[in-house]
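Multiple structures follow.
Shared between the two complexes below is subunit A, which has subunit B as its partner in the first and subunit C in the second.
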Partner chain A sequence: MKKLLGVTLGILTAIGGFVDIGDLVANSLVGARFGMSLAWVVIVGVVGICLFAEMSGRIAAVSGRPVFDLVRERLGPRTGLTNLLASFAINLLTLAAEIGGAALALELATGIDYLVWVPGVALVAWLVIWRVRFSTMERVFGLAGLALIVFAVALWQLGPDWGELGRQLTSPPESEGAPTYWYYAIALLGAAMTPYEVFFFSSGGVEERWTRRDLGEARANVFIGFPLGGFLSLAIAACGATLFLPHGIEVGSLGQMALPAAVGLGQVGLVAVIFGVFAATFGATLETALSSGYTISQYFGWQWGKFVRPRDASRFHATLLVTLIIATALILTTIDPIKVTEYSLIFSAVALPLTYLPVLMIANDPDYMGVHVNGRFSNLLGTLYMILLLVVSVAAIPLMIATKAGQ
Partner chain B sequence: MTAARTLHAQLHLLDRQVVRADDARMVSKADDLELDYDRDGRLYVSALLTGPLALGPRIGGVIGRLMVAVTTLLRPEEDPAPRRIPMRLVTDIGSALKVGGDPAEAALERWTRVHLIAPLPGSGAPAHDDEPPPDRQHRGAMRVSELLGRTVTDAEGRVVGQVADVRLSQDGHLLGPAANALRVSGLVVVPRNTGQLFGYERGPGGAGPWLVRVVVRRLHRGSRHVTWDQVESFAPSPEIRLRVPASELADLRELYSTLPST
Partner chain C sequence: MRRALAVLAALAVTSCSSPAWDHHDYALKAGMTAESAASDVEFVRLAVQHEPDLTRPYLKTVLTEAAGSLSSLNDQFGAVQPPSASADAMRDQVLGLTQEAAEQVQDLLIQVRRDRIADPAGAAAALGEVGAELRAFGEAHR
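So, the complex of A and B:
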């Protein structure tokens, strides 16, 4: 019974933790501009993140080694460093965007300008990381993020023309050109498969001292939690498609993204969506901040993690602190958090192969995995995704330039 | 007695996480390996080298040089050497390298703790911090990274390729109560600069996935195995000279079809 409760809790956490500012922004934007015609990308992205999160979780449980440790070990110091610099830069942008997102949610709730909230959000995030136990932290914010289910309820209340939504699945609107269509496809893929998710997931496995016995629970989290998180993403897109697409409204602010919940469910919906957005972005602030510490520490082999006292992982905690300060400074320049998110998604997509290739290799290495090496199915899918990610990685920047970042 | 364990420096040792054997605390990465001569004049792995002074030269370029320069500037010694962990302390070579005893703490870890983390409330740090004992300076004959990437020429002076990995066999003298020294037993030479082998050269089946294996092996076709006896000289000239013509070198694949994979 207790075991079942643990698994359920883990799954709920995974659903709530799946959606962050990236998913929120990308799905709202795409729903409003392209309807449901890019829904297939969300599904491709969710299958991809399930595949690689399962591999990295399995590696962490069996060998105790998290993803960036493997990146350096398999790619060597030079390519590893390139990946580190790229991942760190993307992570920093994402962290800045998440802090901005949480502050924007507070602005929606209070009417006080988000810039006032930014330093407070960052300070509280640091205090949580410094003091709160890892499992408590993950549970609380994961579960609070579940409030975003309001998008699914709101969609149902909005009473969309389901036939019309279904028709959109296969036919993109004619007003949009092919390059912008593919540009947003890449952004959506970047949102679903953001590398920090596997950095955090595998390091979290080590933090919670997973062993072979926890493989079942880890798999349940991935295979049930992430797809349900993906379902939330689709609900957000469908809300946009129902409310904004018919009127040709482009979504550019967090207020607009929250609007469908208010229209569909009134005041209750508005409260729930603001709470959900805050929980999701604040939870992701913690995850991205920790991920920046994880990646740098794991590359250099430093002691990291919240499972030791801060004094025993001082370089790790120093990295966290400095990264949070830089990200806060970045968002305080009044740079638009939504724009920052859009760019970080595209750069994420560029960096994907460098992170996922070593994971795929190590998941096949009997030195690490013993009998738990990849099966044929994982390898077949893994190979297909490697090809896909390479194509996406090459195409992302040219498409960004050609479409002037999707305009 | 069973055959001595064969390891590859690049694949099995370099860039692996080093952890303390008793509590799995992370110590560092194996940034480089120190090689020394044993009584028979054979090279063996004498220590793991860690820290920026070991990592910098491997990264190379501006960033690598900067890393070394800054560290040298900040260290109190005249001519600082990288932190070393003697191989006799290594108790297990697996997905991490386990070391016994209590390896010295990195200077940067100490500095950030004393100046940044310990003063914050709730860090769990005691009020005072003992000075670490001064590092004993020891330098081995060379580092394994000095062999990797070097050009190999055969007896007739033709270029065979470059060193992609160094084969080690655990048949040297006793280092500690448990382990024999890892002696350099050969080189893996690839014809072109095509990056690492990623372990896909091992065994007849090798690791999956199929497409990655095929691509990596295709990039490294014509790779050869050089035994240490076939090496004529490797220092101080920039290239490694062999005493046999290239045609006598074994194909890398032959080696793995005759030996059981480790």
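So, the complex of A and C:
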């Protein structure tokens, strides 16, 4: 019974933790502009993140070491460094976007400008990382993020034309050109397969001292929690397609994204969605900040993690603090957090092969994995995804230039 | 060093007010401005229609964003030089509409900062009119 409760709690945490600022922005924007015609990308993204998160969780459980710890050893210091620089730069952009998102949620709740909240959000995030236990931190914000289920309830209350939503699945609006369509497809894939999720998942496995016996729970989190998180993403897109698309409204702010919940469910819906957005973005702030510390410390072989006392992992905590300060400074320049999010998604897409190729290689290496190496199906799917990610990576920047970042 | 700074400053200024190559290019810019403004106006109209379902801080925030966005659209398009005399009329029409939309949203923002919107139905209707004009202009100049 206790085990079942643990698994259920883990799944709920995975659902709530799946959606972050990237998913909120990309799905709402795409739903309002393209209807449900890009829903297939969310499904492709969720299958991809499930595939690679399962591999990275398995690597952590079997070897007792997270993915990045093995990247340098397996690929050599130079390739590892390229991987580290790309991952860290995207992580930093994502962290800035998440801090901005949490501050924007507080602005929606209070009416006080988000820039006033930015330093406070960063300070509290640092205090939580410093003081709160890993499992408590993960569970509290993951479960609070479940408030975003309000999008699914609001969609039902909005009474959409389900037939029309179904028709949109196969027919993009005629007013949108193919390059813009593919540009946003790449942004959505970047949102669903954000690199930090894998670093966090595998390092989190080590933080929670996973062993082979925990593989079942890890898989339940991935294969049940993530798809249900993907369902939330689709609900956000469907809200945009129902409320905004018929009025020609292009979504460009968190405030606009929250309106469907208010229209569907009144003030209760609005309060729930603002709370959910705050929980999701603040939780992701913690995850991205930790991921920055994880990747750098693991590459250089420093002691890392919250499972040891801060004085024993001082360089890890210093890295994390400096990264938080840089990301906060970036948002305090008054750069639009939503724009930062949009660019971080595209740059994430560019770096996807760098993130996921080492996962595939290590999960296939019997020296590390023993009998737990990938099966044929995982390898086939993993290879197909690597081809897809390579195409996406090559196409992302030219499409960004050609479409003037999706205009 | 000074010359380099002057060149940089000139580049920065020209990049803020991108010129129109010809009448067609100017018309496209005008159409895009009108469509973006129509999107802002439609959003505000939806929000005003559902005003009882919204909290005051939320309404204040989204109206502030919309007012800023409309004002920015107005400034950006106003900085583009019309390439011909016929483009002058287009300029006046678009700037007139975006200006009107910005004023309506500003007016609503003032009301929300003081209390609530006095006549949501009337405000939504007025926004609907200017939004429809902007949309029609945008569609005609795609």
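Here, the second predicted complex is superposed on the first by the 407 of 407 C-alpha atoms of A that agree within 3 Å, B and C clash if a C-alpha of one lies under 4 Å from a C-alpha of the other, contacts with A are read in each partner's own complex, and residues count from 1 in each chain.
The rule is simple: contacts are C-beta pairs under 8 Å (C-beta built on N, C-alpha and C of every residue); 3 or more make two chains touch, one makes a residue touch a chain.
The shown structure was predicted, so the numbers you read here are calculated from the model rather than taken from an experiment.
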item: Touching partner for A:L243 - first (subunit B), second (subunit C), both, neither; value: second
item: Which superposed partner A:G111 touches (first subunit B, second subunit C, both, neither); value: second
item: Touching partner for A:A258 - first (subunit B), second (subunit C), both, neither; value: second
item: Which of subunit B and subunit C A:L360 touches, first, second, both or neither; value: first
item: Most subunit A residues touched (candidates subunit B, subunit C); value: B
item: Which of subunit B and subunit C A:L158 touches, first, second, both or neither; value: neither
item: Partner chain in contact with A:G76 - subunit B first, subunit C second, else both or neither; value: first
item: Touched partner set for A:S63, first subunit B, second subunit C, both or neither; value: first
item: Complex contact set, residues of subunit B against subunit A; value: 10, 12, 14-18, 24-31, 50, 55, 58-60, 63, 94-96, 106, 108-109, 112-113, 116-118, 120, 122-125, 195-196, 198-199, 207-212
item: Residues on subunit A engaged by subunit B in the complex (per definition of touch); value: 63-65, 69, 72-81, 130-131, 298-304, 308-312, 314-315, 317-318, 321, 357, 360-361, 364-368, 373-374, 376, 379-380, 382-383, 386
item: Of all residues in subunit C, those that touch subunit A in their complex; value: 32, 35-36, 38-39, 42-43, 46-47, 50, 52-58, 60-62, 65, 69, 135, 142
item: In the complex with subunit C, residue positions of subunit A that touch it; value: 107-112, 175, 243-244, 247-250, 252-253, 255-256, 258-259, 262-263, 266-267, 269-271, 274, 407
